[in-house]
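Pasting the structures in now, so scroll down.
Next, two complexes with chain A in common: one pairs it with chain B, the other with chain C.
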Partner chain A sequence: MKARRKKLPVGGIAILLAMSLAMVGPILSVIIWAFAVKWRYPNLLPTEWGLKYWRIMLGRDTVIEPILTSLALTSVATTMAALICWPAAYAFARLQFPGRQLFLFSFIAANAVPKFALFVSIAVVFLNLNLVGTFWGVVVVQMLSAVLFMIWIPTAAFRSIPPALEEAGFDLGASHLRVFVMITLPQALPALAASYVLAFVSILFEVDSALLIGAPQITTMPLLLLSLSAQVIVQEAAVLCVMIWVPCFALLLLTRRFMSSKGIAQGFGA
Partner chain B sequence: MTSDANPAGRSGAVRTMHLKENLAGLALVAAPLGLLLVLILLPTVSMVWNTFQVPVEGGTVTGIARYQAFFADSYSVANLRYTLIWTLISCVTALAISLGISLYLRFSEGRIATMIHALSLFPLFVPAIIISYALVRFLGPNGLLQLLLEQVGITGYRTPYLTPIGPFIGFVWENIPLPVLVITAGLSQVSDHAIEAARDLGAGAWRILFEILLPQVHRSLLIAFALIFLGVIGAYTVPYLLGPPAPEMMGVFMQRTLGNLQRPDEAQVQAVILMVLSSIVGGFYIATMLRGEVGRK
Partner chain C sequence: MAEIRIDKVSKSYGKEKALMQGIDLTIMDGEFVVILGPSGCGKSTLLRMIAGLEAVTGGTISIAGQVVNDLEPRERGCAMVFQNYALYPHMTVAENIGYALRVARVAKAERMARVAMVAGSVGLTEFLDRKPGQLSGGQRQRVAMARAIVREPKVFLFDEPLSNLDATLRVQMRHEIRKIHNRIGATSVFVTHDQQEGMTLADRLVVMNKGTIEQVGSPEEIYERPASTYVAGFIGSPAMNFLPGEIQGGAVILENGIRLPVPGLSGLDGTMVQVGLRPERLSLTGPGRGQISARVDFVEELGSARLAHVLVEDIAISVLTGDKLAIAPGDEVGIAIAPCVVQLFDGTTGKRIETAAHAAQQVETVS
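Then we have the complex of A and B:
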């Protein structure tokens, strides 16, 4: 195959162009809208650029509040999920106990339940418990979404640390805790952080839980985006998209360095 | 895999250690497992139970009247049919495109291939609500796509926005990365030698595809199909923003029934029906993975 003569890869360039248009085009149009002051048909690009709508959006309490609500909800849910999942991941990777395979498997099997239908069932239960429309009601449901990220990636991370390193620590007389803190944790930390960021971003943008459990008392950033996207003034939703998504995109790119494609695929059992 | 490799002979102490390890392990996994139990198993069971409770004078009886009502309502059935058909079409299309991209990547190297690979993974970083809104702006009337087409002289653009094609495009867009990831991983296991040998023996491209390449990724394809199906069938944001007002996908339908119409009983019936349909694919997903787990040992 490598021996093949070099020629202009016409097919490759065609695929690349088509994919650039399909993958980048939609996002690009939102980014342009966010910085457009005047963009009327049939101009290909805005006739007036500026930050006018950024000032308008950032000056509104009805915009800032949902963002703060979302950040608070997501931070609490992701952190609580991390606190219960990371120790569990360590146990799955390093300890032997009855039901280990079955339990670990049940976290993949949870992918097999259609989320929206599940949230409907949770909403009905929460309705009877007066948890609908409350902060903690939403947190608990968001934790469920986080759990699915925070078991598999960390379990794989703990598994990939050679046990010999830890055993060497024990041989030198270090305690369990000391070995964990000094040897295991530093090596697993990048993957743990990656799982945190992945869960955080996916929950931050999750519409379903906020819509079924939180609304109408709790307005989150995605719900605001949903309502703005029906507005006549296109720029408002576009500004919100760019403002929240671009930092998240940068964060996610950082985590990619710590996670192989194979690792992601394995998390789905593929 | 782990501490089972202890040398024999320290049996008493080892047994206490094992007991300790068992207890520690169970204690550490109890909390997230409890969360699954409380938030998946209990609500689902209680929901299924509720849907079979039919109100009569002075109480309830167990019966299937709620389900009969669902299937007697032509709008509900139309929504269900619409959901199933477009879920399948979206899954198959996403898989076909991903397979094409993966095959191209398998036989190409260099900068163009790297860029195509990166682009195909890009949707992993874009949440559903962002891409849905972006597609409204891109595909919608007077959107960027129409402007670009008119620049090159193509007029008469008809937008797929608010037609069944709108959410279809959204679903395909979202679901390119996962199959590309798993198929490229599978294809990379086929050695160049095997393909060259087949070619030397006179096998054509199709034969190589069906008899050498596809069998390698067969299982990955099935798992990707199941995951995409389960994600699409219950989707809310993509069909809500991009789809027609009627028929509705089940996610939108359920949300409207529960949230706007305040009819939790009907929403639960819709949810159970969706879960039962998904459980066919879900069960198949679980079975495929169990087989894989056993095979891996």
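Then we have the complex of A and C:
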């Protein structure tokens, strides 16, 4: 006899639907707006579709340039943060040194301070150093906003790797560097990737640093978005939104390929 | 080949009280030594100091005549098998086994051949392409063994490698480990808190207690002539009976006034002692016979034998009896105690007291 079919979890499905609607709904409306030429009130869908606003936006130098600037800034800032934070995270996970907990906690504390206030005081320092309005000035500040993701997630990931695995490596004849590269890194990779993507996306959308440190010479994508949404043409903002959203989404999908859900969970210390 | 010499080694973690003070132990080339002791006594620490995963605080460790205190683990030529196996989850069984060879830059063809051979010898051939996550506990254990064997190390170090297996598998792997040792003959140090595992595997047993070595000897020696109440109580199952008493006029007067005659006690009058009696060396006889009389409290059926718990007035003694006597709680019985089975330990220090009976027995076994 066949086993009794499992009852459908009606309540669960309802919650799932409601949640997806709440999350996907706004994104969907932005996407529709990006491809709408005419869309007026009582119509449920645009009356005229087209790529008109894409042509307009892509035709403007003032649009392309901030996008390229943003991508360059974000890549450099995220990568540099990774190079500094990941080894630090390893040290936090494996080494015992006085003040370790305090140090680790200070990263949260730094993030609890309103960013804007923090950046204002940094801007004052940078003014004296002639870093205001420069690419590297913005990079340095943006790295700060990545620190939380880049320290906490990797620290949890490194800590979840049993020390015995590394010890077995030493015992089997490998050097410290070799053990790190062949044993530790592959296992932490999903979490490291997760931290990289999260930091990348959060830096990409971060407004304050460019506003306070970069302006007026450095215009980033979020700044452009801000200026656009102050105007009235909804489509222009929507097009830009989609333009930013697509690469981020692609990046997330890409990391998913070599990142099991277990890896992500591990990344968050589960 | 590889003799391990541990010379006045001490160890303390940070500012805490020293865990070990002046441990001395020499493990001969090709010997299988088991370090036995309760949880937390420092067995793993000692093993890890030999492997180089933990620094010694004082003293020296030498392997094959070379002091290894300052050598990295990889320079010591020890292969360790970890309690939780420490297999690499992202590598296949073949890659796990071949890891040491890869690190040593052994050419791929040779590496594969050696991995295949070792895998064959531990029955892993059909699992070479799997990841450790897809193996059973016993199979993982074999991978851990194979990973150590493939290097052909001078020294094997085992840290409770069988404690995660079920009872049947544990016995089976125990035999395999001993067979592998007999075949390869590398010096082996095996840590366990399971006395039966220790007794069956060891050429020589090292019994540890709170960071010190209580006794070193062959399993038989340790069973027959334990150096202290600690060793006597730790080794043997069911556990040894201890009866406190005092030596008077060539006999031991137990706490409840009962007199237990023991030959060869001259000159020891007034010494407070613990009398040690192994349950399997005692036997029950009819009431009024034997050295002391007792009353049956309850009986445990063990299948092959029975463990009778009897009361000598208020002192409880267990007796292992092979013959299926009809005994029931409340029965009056006698306990037959041959003089040579009585072991005496100093009442205050717990150290063994040699009696003439033992000396006589020694001579007997030697001749």
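Throughout what follows, the second predicted complex is superposed on the first by the 222 of 270 C-alpha atoms of A that agree within 3 Å, B and C clash if a C-alpha of one lies under 4 Å from a C-alpha of the other, contacts with A are read in each partner's own complex, and residues count from 1 in each chain.
Simple rule for what comes next: a residue touches a chain if its C-beta (ideal position, glycine included) is under 8 Å from a C-beta of that chain, and two chains touch if they have at least 3 such contacts.
Predicted model, so just to flag it, every value in this text is computed and none were measured.
Asks: Report for A:32: first if it touches chain B alone, second if chain C alone, otherwise both or neither.
Replies: first
Asks: In the overlay, answer first, second, both or neither for which of chain B and chain C A:187 touches.
Replies: Once the two structures are laid over each other on A, A:187 reaches chain C alone.
Asks: Considering only touches as defined above, state whether A:243 meets chain B (first), chain C (second), both or neither.
Replies: neither
Asks: Decide which partner touches more residues of chain A, taking chain B and chain C as the two options.
Replies: The partner with more contacted residues on chain A is B.
Asks: Do chain B and chain C land on any of the same chain A residues, and which?
Replies: Comparing the two interfaces on chain A, one with chain B and one with chain C, no residues are shared.
Asks: So in the complex, which bits of chain A are touching chain C?
Replies: 162, 164-165, 167-175, 178, 183, 186-187
Asks: Quick one: in the complex, what on chain A touches chain B?
Replies: Against chain B, chain A makes touches at 1, 9, 11-13, 15-16, 19-30, 32-33, 41-44, 81, 84-85, 87-88, 90-92, 94-101, 103, 105-118, 120-125, 127, 140-141, 143-144, 147, 150-151, 163, 201-202, 204-208, 211-212, 215, 222, 225-226, 229, 234, 237-238, 241, 245, 248-249, 252-253, 261-262, 264-265, 268-270.
Asks: Which of the residues in chain C end up touching chain A in this complex?
Replies: Per the stated touch rule, the residues are 51-53, 72-74, 78-80, 82-84, 86, 88-90, 99-100, 103-104, 147, 151.
Asks: In their complex, what parts of chain B are in touch with chain A?
Replies: So the residues of chain B touching chain A come out as 2-4, 18, 21-26, 28-29, 31-33, 35-36, 39-40, 42-44, 46-47, 50, 101, 104, 107-108, 110, 112-113, 115-116, 119-139, 142-145, 147-148, 150-151, 173, 178, 181-182, 184-185, 192, 196, 220, 223-224, 226-227, 230, 233-237, 240-241, 250-251, 254-255, 258-259, 264, 267-268, 270-272, 274-275, 278-279, 281-283, 285-286, 289-290, 292-293.
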